[in-house]
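Each remark here refers to the structure printed beneath this line.
Labels run A, B, C, D and E following the written order; every chain starts at residue 1.
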Amino acid sequence: MLPSASPVSTPGKVWQLACRAVEAVVRLSDVVAVAGRFPVLAGASLVVERSEIVLLRGPNGAGKTSLLRLCAGLLPIERGSAVVAGVDLVADRWAVRPLVGLLGHANGLYDDLTVADNIGFWGATVGATSGEIAAAMDRLGLAGRLSAVPVSRLSAGQRRRTALACIVARRAQVWLLDEPHAGLDAAGRDELDAMLRDAAAAGATVIVASHEHERAGSLATRVVEVVGGQVRAA
Amino acid sequence: MLPSASPVSTPGKVWQLACRAVEAVVRLSDVVAVAGRFPVLAGASLVVERSEIVLLRGPNGAGKTSLLRLCAGLLPIERGSAVVAGVDLVADRWAVRPLVGLLGHANGLYDDLTVADNIGFWGATVGATSGEIAAAMDRLGLAGRLSAVPVSRLSAGQRRRTALACIVARRAQVWLLDEPHAGLDAAGRDELDAMLRDAAAAGATVIVASHEHERAGSLATRVVEVVGGQVRAA
Amino acid sequence: MTIAAPASQTTSSRSALRRPTSTRFSRGLGTAVLAGLVTLVVLGLAVSPDDRIQGDAVRNLYIHVPSAWLAYLAFIVTAVSSAAYLFRRTRSLAWDRIAGASAEVGVLFMAITLVTGSLWGRITWGTYWVWDSRLTTTAFLLVTYIGYLAVRGLGGSHHQRARRSAVLALLAVLEVPLVHFSVRWWRPLHQGQSVRNGELSDLMLFTLFTGLVTFTLLYVWLVLHRQRVLTMDDMVADRGLDAALAERQREGGQ
Amino acid sequence: MSSAWRIARLVAAKDLRIEVRSRVVVNQVLPFAVIVMVMFAFALDSDAVLERVAPGLVWLAVLFSLVVVVQRSFAVEVADGALDALRVAGVRPAGIFLGKSMALGVQLLVLEAVLLVSAVVLYRAEVRPAGMLLLAVTAVSATTGLACIGTLYGGLASGARGRDTLLPLLLLPVAAPVLIGATRATESALGTGGATTGEGWPWIGLLALFAVAFGVGGSLAFGALVDE
Amino acid sequence: MSSAWRIARLVAAKDLRIEVRSRVVVNQVLPFAVIVMVMFAFALDSDAVLERVAPGLVWLAVLFSLVVVVQRSFAVEVADGALDALRVAGVRPAGIFLGKSMALGVQLLVLEAVLLVSAVVLYRAEVRPAGMLLLAVTAVSATTGLACIGTLYGGLASGARGRDTLLPLLLLPVAAPVLIGATRATESALGTGGATTGEGWPWIGLLALFAVAFGVGGSLAFGALVDE
């Protein structure tokens, strides 16, 4: 599961190896992004180094989710420049995607499929081995009875755990997590924090948006504030 | 918005006035409830007095959500007995509903409608006046630009706020809240806690399921643990 | 997902349920049914005359019509006992099981009607199926009650099932008069009310009547047994719930 | 009951507003229904046949649209747990039933209008002034029936997994009589195959009977079907 | 591209597994389509007409089902943000497009088989051994075209923009030519109205053209459509 350990073969990778030494993993400068006609990001600037764990906080609707989605290459950039994992997002929003792992507010699970089916599918799309998948499953306590239960029958927290397992199964270099703690029970939260610390230690970069300041604050190495579509040091 | 202040005219109400003096607002004894064939509640017993704020905590899948849904009359009772706000749920699951307000994991909003539309609709179904609706909206900071935005465009926390406004618009006597803090920002959390304290002070009964023990713990007057479909004192 | 009760559980429940579904009464009834079927065969194939137009094909009548009418009866019984379940004072799962059993048998009879009918059609009309009102409505009636049985299978608690299906039965039964009167309403190719209009000789009528009685007895017999089997199914399910409860409560342990 | 009516109006208004905002029926169902009519025209490309079967085809297209619209109408309810919220709102199911039926009915009427027009255009089925009234009555009564049936079984189908598979199984057999009645009535309204207007009215009786039966039955039954 | 193929296979397998688990197509769409056929037969009661228009009706029923299946196919993607997750998984949209088209195609083929059989039963349309090959080729090529169009349409309708634009509406008429071609080809395969097998093959050309055009076009365009 060590990001740096695994050779990912994508256009972006080579480019990215070249730059890793010289450049920050995430470098946004004065990024403006619009959804519909609304500027969800209004000149956001953020620099994140390798193996940092950054906490984004801020009021509802400030732009945290939008920022994470932008880093994942899901949001087109109107103005400014953004480079993530060495990929210039203005030029190519596709190349970055194999390198990032995003957990949004939604879980991205298929209700009709069982827990095992879902994790298997999402693992496969990023070429995870069945070993990694199994590891992810029982790390999040989904190995037992639950693995055969359709996701539609799960409790909220169990769904969240499943979604996390899907993310873990892929070896991302940049983890983008949107309120990952929401819905998880005490054990799940500890497990999650441990996983993130491991990933960071192994050279991954983690950006977490959360409203649970005590919890996420203790996890983060740095806290920034998102307000009105802009980023401020906090 | 004070529960006791407003005369609610429903079959259950009369009955309930009769017993309020003698009886607890929520009295579950050895309740068994099944979903599909799975016993989500396996002999749960719980007594909650008037104007208590009870926190339900416990691992994922323990049965918290199921317990709340049962109290709202959404889950049929297989065995045992349950009386909520003086209504016997085994005999009649309808009469209790005008007396309770439930906020589940889902928000129960219509994506295509605007914030104002949604709150207006849900308010109207319980006969709230436009004044109460407006009050609820700006108490949760939805009065401005947002009121005209389709819910599908909202941020997660804004959706949650909208759902809360819908609940607030109705004058419930028993509040059942499932992880109400999830997704809310700091301000929203304080506002929510204040609202719940007000409601409790005004004679309402509040049951909250949450994984944020610090936060909800400080709010609650009593904490109970749900495990394996049963309730234990914590 | 269903609860797979441990082997011991199921076997024990089986032993508890290992009383036969037959009683002296139902055994007596069964023999009566057999006797009736024999007489019906004799009357229908040997004694009764053949029709001046239809020839021997008319003998189809003695199965076709009774089974159709019994299907009606079955569906009506389903509706009535469903109503009995919904009515608070007489609410009991027994009614629900009778409704279910009766519907199952009704579907069986309706299917027999369809099959014999289309065979008959092959002989008299030269085709298995025509887009005649009665034929089509009959087919729809059959589909409806298959749907009813499907709804019974949706799961949930016994009372959920009972309530849901009872309501459905009360709606579905509305189609029966539709089938019955359809011939009056449009594109009648199918036989009209020939029986009541005295188009049949006395002996034919008598045979038909025998068929009717026999099928009625057969219906009662089948419903009795099916209803008892359904009762046992519910008992087994309850035992399954007990096992599941124990398992669920153990979750807390570790 | 009065409260049930209040709720019904609220729910209906809400459903219609959702349609106004999302335009799913107008932008997606309607075009398909029309295309279907066009396809009919191509499939049986002899005018004689076409004109004779035009009424049947119109109602077939309506029936098909019904299934899609019903699915949509309950999809918005279950998407974010709104149906539960409605139940908790202490809303009597009769209110929900009537409200959704009304909204469904309105949408269907619009569909039917468009389909009838396209039938006139494509199939050269001309509408006699005499038939106008009959036509209108047919549309209304048939639509009422279809809307009630659709809402009823849509509600049953919109529960947990595996329910949705029941919708057509339950819906279509029951809808069939309406289809037949409406077709016959429309035929005599358009004078298809020399049918006279007089022949139409008995069918209206059947349709009205259905509408009433399922309207009343539905208001009573809906609770038991949607509520777990 | 190779990775696009890998993804396509994964997505197709996933969609088919969803179908296996939820049985929506088998239990809901299939009976729906068959009952629609029954209703056709009922609406145009004369056997002569029926037999002549059987091919058209089969393809109409296929179109009906296509709508429902496509809606379903994208409902599962947008329900819980899976479509986003797919995009983040670094999956090239061509892969998604091909995968969903393949799954759609398979489901349609099953439907068509059943519908053809029921046409034979209900409408007494008999299949000549000579026509068999033609029939198979028609089914495959038409299905490919429809599956691609359907996936494009679904992507549009479910994508961020599709909702409020009229684009889906523009895409619809495109399905018509495919259905006409398929109808004509099937007619000559079944020898409806004395059509010879020879007349069928030119139509196959048209169908194949469509399939290729939309297959390629779709793979290129899909990204732009679903990606905002």
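As a working rule, a contact is a pair of C-beta atoms (placed from the backbone, for glycine too) under 8 Å apart; a residue touches a chain by one contact, two chains touch by 3 or more.
Computed from a prediction, not measured in an experiment: that's the story for all the values here.
A.B. asks: Among the other chains, which touch chain B and chain E together?
C.D. replies: Both chain B and chain E are touched by A, C, D, going by the contact rule given at the top.
A.B. asks: Quick one: name the chains whose C-beta contact count is the highest of any pair.
C.D. replies: By number of C-beta pairs in contact, the leading chain pair is D-E.
A.B. asks: Suppose chain centres are the mean of their C-alpha atoms. Which chain sits farthest from chain C?
C.D. replies: For chain C, the chain whose C-alpha mean is farthest off is A.
A.B. asks: Over half of interface residue numbers shared between chain D and chain E means same, under half means different, so which is it?
C.D. replies: same
A.B. asks: So what's the Cα centroid distance for chain C and chain D, whole Å?
C.D. replies: Whole-Å distance between the two chain centres: 31.
A.B. asks: So how far apart, in whole Å, are chain B and chain D when each is placed at the average of its C-alpha atoms?
C.D. replies: Inter-chain centre distance comes to 37 Å.
A.B. asks: Find the geometric centre of each of chain D and chain E from their Cα atoms only, then give the gap between the two centres in Å, rounded to an integer.
C.D. replies: It comes to 26 Å between the two C-alpha centres.
A.B. asks: Which chain D residues touch at least two other chains?
C.D. replies: Touching at least two other chains: 22, 79, 160-162, 166, 169, 172-173, 176, 180, 228.
A.B. asks: For chain C, which residues are shared contacts with two or more other chains?
C.D. replies: Touching at least two other chains: 1, 136, 143, 156, 160.
A.B. asks: What residues in chain A touch two or more of the other chains?
C.D. replies: 35, 105, 111-112, 150, 153
A.B. asks: Under the touch definition given earlier, write down the residues of chain D that touch chain B in their complex.
C.D. replies: It is residues 7, 10, 14, 17-18, 21-22, 76, 79-82, 84-92, 160, 223, 227-228 of chain D that touch chain B.
A.B. asks: Which chain A residues qualify as touching chain B in the complex?
C.D. replies: Of all residues in chain A, those touching chain B are 35-36, 38, 58-62, 65, 105, 146, 153-158, 160-161, 178-179, 181-189, 211-214.
A.B. asks: Along chain C, where are the residues that touch chain D in the complex?
C.D. replies: Counting only chain C, the residues touching chain D are 86, 133, 136-137, 140-141, 143-144, 146-147, 150-151, 154, 156, 160, 163-164, 166-168, 170-171, 174-175, 178, 185-186.
A.B. asks: Which part of chain D faces chain E closely enough to touch in the complex?
C.D. replies: Listed in rising order, the residues of chain D that touch chain E are 22-23, 27-28, 31-32, 35-36, 38-40, 42-44, 49, 52-53, 56-57, 59-60, 63-64, 67-68, 71, 75, 79, 161-162, 164-169, 172-173, 176, 179-180, 183.
A.B. asks: Going by the contact rule set out above, which residues of chain D touch chain C in the complex?
C.D. replies: Chain D reaches chain C through residues 152, 156, 159, 162-163, 166, 169-170, 172-174, 176-177, 180, 184, 206, 213-214, 217, 221, 224-225, 228.
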